[in-house]
Amino acid sequence: ACGGGEESSGDNGGDGQTYNWKFVTEEVEGQVQYEYAQEFAKRMNEKSDGAVNIDVYEFGGLGSETNQVEQLQSGTVEMAVMSPGFTGNMVKEGQIFALQFLFPESVEKTQNILNDSEALNTDLRELYEEHSISPLSFWSEGAMQWTASKEISEPADFENFKMRTQTSPLILKSYEAYGADPTPMSWSELYTALDRGTVEGQENPIFFIGDASFNEVQDYMTMSNHNNYVAMTTVNTDWYAGLDEEMKTMVDETVTEMQDWVFEEQKKQNEEYLETIKNDTENPTEIVELSDEQREAFKEKAEPVRDFYRSEVSTVDGKVLDKLIEEINAAE
Amino acid sequence: MIATMLIIMVVLLFLNFPMMIPLMAAPLVIMFIYFPTLDPMILMQQFSTGIEPYVLLAVPLFIFAADIMTTGKTSNRLLDFIGSFIGHIRGGYAVTTAAACTLFGAISGSTQATVVAIGKPMRERLLKIGYKDPSAIALIINSSDVALLVPPSIGMIIYGLVSGTSVGDLFIAGIIPGIIVFISFAVYSIIYAKMADIPLAGKASWSERWTMTRKAVLPLGFPIVVIGGIYTGLFSPTEAAGVSVLYAFILEVFIYRSVHIKELPKIARSTGLVTSAVFVLVAGGQAFTWVISFARIPQMITETVLGTDPSAIYVLLMVTLFFFIGCMFVDPIVVILILTPIFYPAAMSAGIDPVHLGVVITFQAALGSATPPFGVDIFTASAVFNKPYLEVIKGTPPYILILFAISGLLIFFDELSLFLL
Amino acid sequence: MKVFKAVDKIILKIEEFILSYAVIIIALMVVGKALSRALFSYSPPFADEVSQIAIVVATFMGISYAARKGRHISMSAFYDLAPFKVRKFLSILIPFGTAAVLFVLAYYSSLYVQDVYESGRVTSALEMPAYYLYIFIPIGFLLGGIQFLRNMWINITNRDEVYLGTDVKDYNDEDTNDLEGTHL
């Protein structure tokens, strides 16, 4: 068997039909996305009495994140976990998750909004479906934190601070708003660059910071929760539309029940890595907590960036954002 | 499917097709035969993905810098300076080459960049004093491998992320194996120089040495700027490659005036030619990797081979074997990314230290970039020195044997990796 | 025939120009970014992207130039041992097969470019249409294929010699190794 080429889906072949799907992720074994896909595959297999077999692909073999998006669009793979950041150059609205201090500080509250939001699950989904991508759910892999070579607790600390960021104009704007010098830097050079001070800080969820050992070369970690690393469970739109009703229901149900599962999973991983980072006495990292006033100070600087999103990024004049803000306000 | 792929590769290679053809055609044929429902277009994205990683930019930049310096005076002055101190010592130039490759490899983190930047000027000197080309090139290619073992090693950073192992610990653990490789190559070089009876230069007087040193002052600023710049965090290793172009440019065009600014496009074109010849292969290798990964071939093979409850030594031997085979066809960094997660769980349940596993894996990947048939260092050397493939690999067997012996040591004595921790 | 030669010369000049300036642009971008960050604490966000575009352009537009100069890497171990007649035969067969494969690749990669075009994807920093970047892939394959056909043709028309590229004869038939001359 070569793992492919078998009939996958489309027309309903009645009893005894087997389904072989491919599910690609942007992370490797042990990390949240990959574990999610594995658990999803396991549940689908059990529910279908072994009729559904899902091969989970970790990051690496199938190319870059952008490549994986294209593979989902072309139906080369049926399912994918993707973060909207990597599709932000196609579905512009998806950059919404890069906005800082938009969602509540609590990841749990954020996850509830992600679960229920019509702006995301209906409006944003429609925009994705124009590109053959159907996001079935949105979930947090954890809140993003800042690590730095010095203490960051108020916007002034970002003054003349070389912050490693992605290259998208929205993210650059977000850090310029604090007075930082956003510095694009390739991932593979980041560890060395932080070690030598070529750049002074970076942002990621805690599990990733710990996994990539960035705490070894950084002295401070600010629990900023400035936004969330949001991932989407996506399927190829045409493929999904072609599933028989029974199978579609099974997929939808599993997607829904996985929301709680992945919340617990990311919570566990982020808590465990936080302990690891705290307990690493060889490479001590001071954990900086923000007071309400300090958070408010950052939020004040971050809010005007929403206008940049509305005018320069959004293709629908920020309608998705405005609706989402209403939903967030209602939830808080 | 594996057989089909191998047959296409081997037949086309031996017929002397340009290597990009088997690398690009084999995945395409596999798509047609085994995945007829898929759009072969998907392979095309992989071509550009393969050459997009930012760190690869160091390769054309170091080629460019080396081209400028060898066209002008910089590299000769540096080599005369070195020669005045070690020219009269048996194997002196070869040991210097090994040392320079080790050092530069450690700094640039790229084996290919090392082959070019150190190899280009050093090879000419080695030939001049009587070394045969295959042995000179083999020395350069293999000494450059150390780039992957000594910090800041990209191989280790990738392994660190995939496995969750401390990158700092990996960096420290790579030091002793790196030194062992260098010492082994140095000893071999001295023995070789004796056996091949490489003629010695007369011992330079101290006044001659002083003259050479004075002439080399500005060129010597080159390593200082590059090394100093990286260690002080002024620029990243890839940017250092760009800075070396700038340094060479200022020195040759404005100070020595040995290169006219109008010659620059011509030098750059030569750099572009070499870059293209190497990078089409990297692009093809990525498409090749995609098909193998998509068909889950690595998982299928390793599941059969590892069985249940393998011993630690057995797992490490299999790691060595699979990385060796993998690196025969694909870039070592890609192999680390794909094979590490497959072997890691088995290695952990067999009680292997993750840092030790990382060192063994990185070592194999380093070895892989210099082993035929697919070795990016071999391609780079073939393109840069404009030498037929066979000529490039002819001298490598003794080095591969040495590296295999060291790899055996690493497997059986994990202290070699863990001692400094 | 004259027109043909003129066209050839123009294409050669364009290839040379692209290769040269792609490399120079990479150097400018990488150095410029480092200097700008060190001196002004400002990192031009487009620098990495421009370098990456330049490297894709150099790689694929270099295919035909390297073919012309006989500089593609191949595993010549067995070929080098073969007698003249075998090499002569292979020198016609190989460029033909290579050209055929490159044309197939040009076809599929142009489909890919069309796909990217339709997706409306833009690059992340410059936000320019992403297909601008990928369009050099089919062009490179196409020009490469044409050049390999010419390599085949020159081996058909010149009975007495083997050519590795239209500009380069087989080193196996040379008395001295003057290959170095082609580099630089």
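Note that the chains take the letters A, B and C in the order they are written out, and that residue 1 is the start of every chain.
One rule holds for everything that comes next: a residue touches a chain if its C-beta (ideal position, glycine included) is under 8 Å from a C-beta of that chain, and two chains touch if they have at least 3 such contacts.
By chain, UniProt protein names: B = TRAP transporter large permease; C = TRAP transporter small permease.
Please read all numbers here as calculations on a predicted model, not as lab measurements.
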| item | value |
| --- | --- |
| Innermost chain, where centres are averages of C-alpha coordinates | B |
| Comparison of B-C and A-B by number of C-beta pairs in contact, larger one | B-C |
| Separation of chain A from chain C, taking each centre as the mean of its C-alpha atoms, in whole Å | 39 |
| Centre-of-Cα separation between chain C and chain B, whole angstrom | 23 |
| Where chain A and chain B are represented by their mean Cα positions, the distance between them in whole Å | 35 |
| Multi-partner residues of chain B (at least 2 other chains) | 39, 41, 45, 52, 54, 234-236, 238 |
| Chain A residues counted as touching two or more neighbouring chains | 66, 70, 74, 186 |
| Interface hub residues of chain C, defined as touching at least two other chains | 37, 48, 115 |
| Touching residues on chain C, where the partner in the complex is chain B | 16-24, 26-27, 29-31, 33-34, 37-38, 48, 51-52, 55-56, 58-63, 65-67, 69, 71-80, 90, 93-94, 97-98, 101, 104-105, 108-109, 111-112, 115, 133-134, 137, 171, 179-180, 182-184 |
| Chain A-facing residues of chain C, complex | 37, 41-43, 45, 47-49, 115, 119-125, 127, 130 |
| Contacting residues of chain B [partner chain A, same complex] | 1, 34-39, 41-42, 45-46, 49, 52-55, 109, 152, 154, 157-158, 160-162, 164-168, 230-238, 286, 289-290, 292-296, 298, 300, 334, 337-338, 341, 344-345 |
| Chain C contact footprint on chain A (complex, rising order) | 66, 70, 73-74, 88-90, 131, 160, 162, 166-169, 172, 181-184, 186 |
| In the complex with chain B, residue positions of chain A that touch it | 2-5, 28-30, 55, 57-64, 66-67, 70-71, 74-76, 185-186, 188-189, 191-193, 195-198, 210-213, 216-217, 283 |
